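The letters A, B, C and D name the chains in turn, as written, and every chain counts its residues from 1.
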């Protein structure tokens, strides 16, 4: 009887830990995804600016990056966080990703209109990096 | 001179025919995440497909029987039907990925959304299968697919640190941030992308289409033994490009447009143009091969008349099957599913289904009633058995790895 | 391999040996020109009286190659109703090799009615269907 | 009747002891001419004591490679023998029954 109870406790603990790491892992992988998208877009835009790439390739790369970042956005919105710490982690990650999506959308509109995108790559990347660190460090 | 030309043409076609959306995507994904640490899998896969294609080509030339006729005849109706269903579905999945790949490639050339290109691509594939002669179709797509050589050139233009690339390829480390599970999952995927069953259906049926006799065997062996390894080399170049440009920036490949970025960096607009031509040709060529293979598998299982060398009215159900296959592919793509994702799954399922087609061919290649004196030699059989084990292990490991790693996430 | 040790007697065969499952079932059937017709889904053989002594009875012979519902029942089990079976009588068989070759044309085989239907109602009506590829 | 009615059915000796299952039916082209070929007459049944599954072509003596596959399949079909049709007493719903004095013949062909 006692071993049975211990097993249940262990299972519950494991589930709780899994739930906890679920938010962290979810946030981290969404941040990864958005970060990869932003860096792709930045590379595509820079190559275009240096005259090494064609307009359709740049436009497509930005489109694809925006799609990926939006997927990350909806991925993080779907995470249910039960604790205060988890909520903070998730919200901070969501803010950074929202920013990334906005930036990518602006960049895509600029490229579609034939302008050079005036994107603030450094700031957004730094924000994503900060959120990623916060995900890893939170108690 | 004419003979030399034929050999060159065959080799070039084999290089072009080896590459498809699965190779383009999988090798770039692997390159961006694992660098060249999975290069050994490409070598294993290329040797395997050489062996398998060569064996099924020899069976077709010696006996006049293509792969799925043999599968049905040896495994009987029950195991044969299970095999047919698996092979047909995976083939359909690959066809879907290739048609989607044509659309994605045309998007890169035009910036018109892929949704608009899908019907155009499917219609184009059907028209070529319906009207264009077999060798013309094979040679044109194969030659244009060679434009992908630009990836090999790009590796040089990127001035890599060769010794560190070599170390990566030879010591096969699991990169930091990746688990052993994802490493092996992508090993299976890369293996599946090199050894896709449709290549074998196509190759053996092609031998019948082109009415090969045993005299043509030496040439076919040469085409395969030179062409496929060179195609494998291009796969490695794709991975190296991703490893050199995307991996250091921590960019993970999830779309076809990203595959082009290293090319743009290395060679500029001209190189990009070449790469896009190569993408269109490789995906179009593979769409033709998988499209035909939907017809080949079903027709050969049921004993219907098949083949492009016949006019369509002489192979009615074969052509109807291909049309239905293309309509299904269009329907699947119309749901908005990402062709790149379809590709990532189709290469893994290819690895899972591989033993089903491999074993009957290995057995029949040893059957003197089919092969006469052209049965497998001792060395071929030893290598063949080694590969049977490798193929089985990959197939058995694929599903647990897929579940454990969340399909490589 | 174990059988070789026992050295069972070998019977005398006065003609070519055909093992039904090995040499005939599931083989491709081709017409007189080499055009694929169907697969040998099953064989019809002369009746064996059920439950009666076979003393003095004739050896059953292969009457026909079957197609149609014979395949589905071999896959999922059961027995095909004999009215739905499509037969190619054995007298139309020219040779048995890696394929079974017939002495007649594909269009003269009952089992190809589906092929003919698809050809006449669909493929023939699409432009280019009646010409060789170019 | 159709061939599938014979394949896979159990075979018993005159005393009713099981001998195995029908793995294949051996025909010989030794009848009167029927079209271009001689009529194919049932010569006997291949009876496999351990399995009703396919032999994949390894029932022939000439088929020996690749070695490991040949060994596995021969092992699964160890003890296979030919029951001549003359040695069959009757066929009923329970299967095929051998006649008293039946002989076990070598099943392999070349």
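We take it that a contact is a pair of C-beta atoms (placed from the backbone, for glycine too) under 8 Å apart; a residue touches a chain by one contact, two chains touch by 3 or more.
Quick caveat, the model's predicted, so the values are computed rather than measured.
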Ranked by contact pairs, first place goes to C-D
Where the centres are mean C-alpha positions, what is the separation of chain A from chain C, in Å?
62
Whole-Å distance, C-alpha centre of chain A to that of chain D, is 67
Chain B to chain D: how many Å between their CA centres?
42
Report, in whole Å, the distance between the mean C-alpha point of chain C and the mean C-alpha point of chain D.
19
Multi-partner residues of chain C (at least 2 other chains):
21, 25, 74
Of all residues in chain A, the ones touching two or more other chains
none
Which chain B residues touch at least two other chains?
76, 369
All pairs of touching chains, each written as two labels joined by a dash
A-B, B-C, B-D, C-D
In the complex of these two chains, what residues of chain C are touching chain B?
21, 25-29, 35-39, 41, 71, 74-75, 98-99, 106, 114-116, 118-119, 122-124, 126, 128-134
Inside the complex, what are the residues of chain D that reach chain B?
54, 56-57, 60, 62-63, 65-69
Which part of chain C faces chain D closely enough to touch in the complex?
1-3, 7-11, 13-22, 25, 42-48, 50-54, 59-62, 66, 70, 73-74, 79-80, 85, 89-96, 103
Can you tell me which positions in chain B touch chain C when the two form their complex?
63-65, 69, 72-73, 76-78, 80-81, 130-134, 299-306, 308-309, 311-314, 316-317, 319-320, 369-370
For a test of understanding, state which residues of chain B touch chain A in their complex under the given definition.
107-111, 245, 249-252, 254-255, 257-258, 260-261, 264-265, 268-269, 272-273, 276, 409
